[in-house]
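Two complexes follow with chain A in common, the first pairing it with chain B and the second with chain C.
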Partner chain A sequence: MAWLTTLPWGQLIINGIALGSLYALTAFGIVLIYKTTDVLTFGQGELAMFSAFIAFTLLDRLKLPFPVAFVLTLVFALGLGAVVERVLMRRAQQGSILNSIIVTIGLALVLVGMAGFIWGYEVRPFPDPVTGPPFLFRVSPTQNLVLTQLSAVILAVTLVLMLLLFAFFRFSLVGIAMRAVAQNRVAARLMGIPVDRINALGWGVGAALGAVTGMLIAPTNSLFPNMMGDVAIKAYAGAVLGGITSLPGAVVGGLLLGIIDSVAGFQAPELRTTIAFTLLVIVLVIRPAGLLGRREIKKV
Partner chain B sequence: MRQSLFPHPKSLLLVLAAALLPPLLGVIPGIPVGYVLYLVCLALIYAIVALGLNLLIGYAGQFSLGHAGFLAIGAYASAVLTQRFGWPFLLALPMAGLLTAAVGFLLGLPALRLSGPYLALVTLGFGLSIPQLVLWRGELTGGAGGLRDLPPASVLGLELRSESAYYYLVFLVIVALTLFARNVVQSHTGRAFIAIRDSEIAAQAMGVNLTRYKTTAFALSAFYAGVAGSLYAHLIRFISPESFTVILSVEFLTMIVVGGLGSVSGSIVGALFLTALPEVFARLPVLKDFKNLFIVVFGAVLILTILFFPRGLAGAWSTRTRPIPPPAEPAARPQEAV
Partner chain C sequence: MPPLLQLENVEAHYGRIRALKDVSLEAAEGSIVALLGANGAGKTTTLRVISGLLRPTAGAVKYAGQRVERLSAEALVRLGIAHVPEGRQIFPELTVGENLRLGAYTRRDRAGMEQDLQRVFALFPRLRERALQHGGTLSGGEQQMLAIGRALMTHPRLLLLDEPSLGLAPLLIQEIFRVIQEVRGQGATVLLVEQNVHMALSIADYGYVLETGRVMLSGAPDQLRANAEVQRSYLGA
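Moving on, here comes the complex of A and B:
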């Protein structure tokens, strides 16, 4: 086990956190949509990608300043999410849960194809929202730990969004209504909650979160229709690891997965995903509802 | 209750028509018979996977996003056994199925504790890991380059080199496996699966052994995929890790949902439909000019099928001929009951 001590642990963990915050950010949208509508979406990454393209067009073609483009993209995504719910999901949810999952897969395909059709498949650079030298942490005379400013911003945004969303679900009336709808549609409707509107809002906010994700991941991974492929799978894994209904769980799961990815990728790059998922299975067998998830009590 | 082999004259007719497919294709001018038959073989091989997956998801209510992994295990097992160890194809085919079933049994173990998105994640991880493990054990599996020039399938010394010969092989296997699936569904085991799908707790209370039937469902489903993998390997005669991506697992899932969950015929219909769809689109003159629109149309067809045929194509087709089990609610929403 000599390799355990020779690994550059500090830098690997920092890289892992930087990577993991991308996963966590994407996982937020997945968790939010699952929490409010009970649908496990496979379109979150593609929603993020599509919004990033919209932001790119606003920035690059229309030469809008970043904050304006940012807000306009958020509004666009909010609308897109609500339309997706109204046109597709509301009908799909009348069937089995698998029907909804397949519809989100279809949505992902449509979004990738449209992005490819409109903007093409070439890889483009996305303007960095922050520029500046990376942060250096001096740990020893010979060694510095490096964290880029963009990674720091992503991490900060992730944590702030987690707190905001957590408070939203805990304290605001709309947030509580969303939780009620997820828990029991019929009872929620009987309590006077407009279930359809709440679902549309859930998808809208989920898509808006996706837009933030897309605009922050595009500078790191560049912009192309399949840019979210790997991130989305890991984000999904992170969300489940943390407990699919828990927002703090998404952050813990995402960051943990990033660190595992980074260490495993350094030690055995060819088995990176296998190692990550083997650890996941072990964790899930011990805690079947994820690290921070609560076990559902089933009625017969 | 005993049932005849072909309870409906229609299904017997369908089987006969399918048996006559190769000569019938030859009559129609302008059709590349070899290529069409190759595609039909591929679709039927995918249909075998879909049959197994539907037993797992549509009947037993367990989720899998990793069936491409099972297909890969079957394909590699068969390829290595015939090419490296010189096994005859007729032995390698069931062996591939059994080996894959053993792996399926093991994957069924975590399923005893997990459900819904958690189980989906474990199976997704399995599907992602198999190609990585294939790359890792390169000396046995040929690594990224894959295994080429696999020996052609041979039955009792007769080499099946032509597409129509191979078509009959695949055809016989799928007829046998369809009948087997139908018998499983109507047996004690099938009823236990359905009971678990509808309510684990109620099933347990009725004396259904969850451990036994969940692992059985996984092993059985994997067996189908393993047999399909063997047929796949000897149809294409070249396999590499890239042939077994998660996208393929998602396609299998799509096939059974579009075809009809909890329906044996739906699995086959879905597989044929989804294999034919891209081929047809690729030939439509309008879509040919806009290559990327093809994915859009594919996604849109998927969505529209689900929206307008929520019980799948088979559900829409057969409601008047024969009652099918109610649409599955895997990862049941227990909260729905007030």
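Moving on, here comes the complex of A and C:
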């Protein structure tokens, strides 16, 4: 096991956290939608991709500065999420749980097809939100830890979003109402909470989170209709690892998966996904509700 | 003065199954009206129609002088109808305080909300002690208190209670019934669905007996208690 000590652990973990932030943001959107609307969506990655294309159009065609394009894209995603809820999910949820899951898979396929039709399937470069030399941290005379500016931005954005959303769900009346709707829809209606509008908001915020992810992933992974494939799979794994009902769990799960990915990818690149999922299976065998999840008690 | 609540020939369905056939009843402002009957008689359905959870297929619901049977549950909360559903239905993963705060979701009058919160804590001191605990960790009786307290936070003019005594120990049942009377004393009108017919008739001003989706009998508590049918079916005499 000599190789264990020769690995550049510090750097791998930093890379893993930067990568894991992207998984965490995507997982967060999935859990958010699941918690507020009771739908496990398989369209989160594609919502992110589509918003990234919108951002690309604003940046590249309309030549808007990055912050302006960023905000406009967020507004677009918020609306897109609300429309998805209003037009598709509200109807789909009248049926069984399976119906709504299938509808989200259909949504993913439609979004990929539309993006391909509008922007084409070629791989495009996406402008970096920040440029400049990477940060260097000297840990020993012979070793520096490297953090690119993009990774630093990704980390900072993830952290700020988590704190904002945490405060929103804990302290704001609308945030508390969103949690209430997820727990008991009928009781929420009896409190005068507009359940449909809250669900639309859940999808809107989820899609906006996806948009942030898309805009942060596109600079490294480039922009193309299937750009989120690998990230989305890892994000689902992260969401499940953390316990699908727990927002902090989604973050922990996403970050953990990023670190595993980074370490395993360094040692055995061809096995990194296999190793990540093997660990996922082991965790779920030991803790079926996930790391921070609560075992759900559903009344029949 | 016309009654606060009036149901006229209400009919309601769950899918193809007719749950209410021809229900007419009324509740005068400031009264406690008991809704009695066996399981499946239509008591819960009647409450669901009044609070807007179920739209009637025929008939009229009049509340405070206007037709309301086509309004949404959200709109009816704003008009002052609060429904404490069967099985309490609190939000288990929200704290007691958050549960109560959601009761006032539709309100913007901060002073009134604070006053109602103090009123709820005065009625149920235990809720104040447990304000930071998750609703799901409360005992059954405390959850019932929370459900009623949460409904009172809407500042209701009409309070619908579905089986508030279900599964509670006798002492707790007495406490709940004391609160119901107190709430009425503060001006609210109460429509009470109960299996515990003795207790319900002891505080009610008027009662209706439902059977298979229609009103079989109605009258003052004394009249109902004296009725041979009621005695045989519900009072175990």
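The definition used in the following text is that the second predicted complex is superposed on the first by the 298 of 300 C-alpha atoms of A that agree within 3 Å, B and C clash if a C-alpha of one lies under 4 Å from a C-alpha of the other, contacts with A are read in each partner's own complex, and residues count from 1 in each chain.
To be clear about the criterion, a residue touches a chain if its C-beta (ideal position, glycine included) is under 8 Å from a C-beta of that chain, and two chains touch if they have at least 3 such contacts.
As the structure is a prediction and not an experimental result, all values here were calculated from the model.
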item: Superposed partners chain B and chain C on chain A - clash or fit; value: fit
item: Touched partner set for A:Leu173, first chain B, second chain C, both or neither; value: second
item: More chain A residues in contact - chain B or chain C; value: B
item: Partner chain(s) touched by A:Arg86 [first = chain B, second = chain C, both, neither]; value: neither
item: Chain B versus chain C as contact partner of A:Leu107, first or second or both or neither; value: first
item: Partner chain in contact with A:Ala187 - chain B first, chain C second, else both or neither; value: both
item: Touched partner set for A:Arg124, first chain B, second chain C, both or neither; value: neither
item: Which of chain B and chain C A:Gly290 touches, first, second, both or neither; value: first
item: Minimum C-alpha spacing, chains overlaid - chain B and chain C, in Å; value: 6
item: On chain A, positions contacted by chain B and by chain C; value: 183-184, 186-187
item: Contacting residues of chain A [partner chain C, same complex]; value: 173, 176-177, 179-180, 183-184, 186-194, 294
item: Touch list for chain B against partner chain A, complex; value: 57, 110, 113-114, 116-118, 120-122, 124-126, 128-129, 132-133, 135-136, 199-202, 205, 246, 250, 253-254, 257-258, 261, 290, 292-300, 302-303, 306-307, 310-311, 327-331, 333-338
item: Residues of chain A touching chain B in the complex; value: 34, 38, 40, 42, 88, 91-92, 94-99, 101-103, 105-114, 116-117, 121, 183-187, 233, 236-237, 240-241, 244, 270-274, 276-278, 280-281, 284-285, 288-290, 296, 298-300
item: Chain C to chain A touching residues, read off their complex; value: 51, 53, 72-74, 77-78, 82-83, 85, 89-94, 98, 101-103, 105-106, 150-151, 154
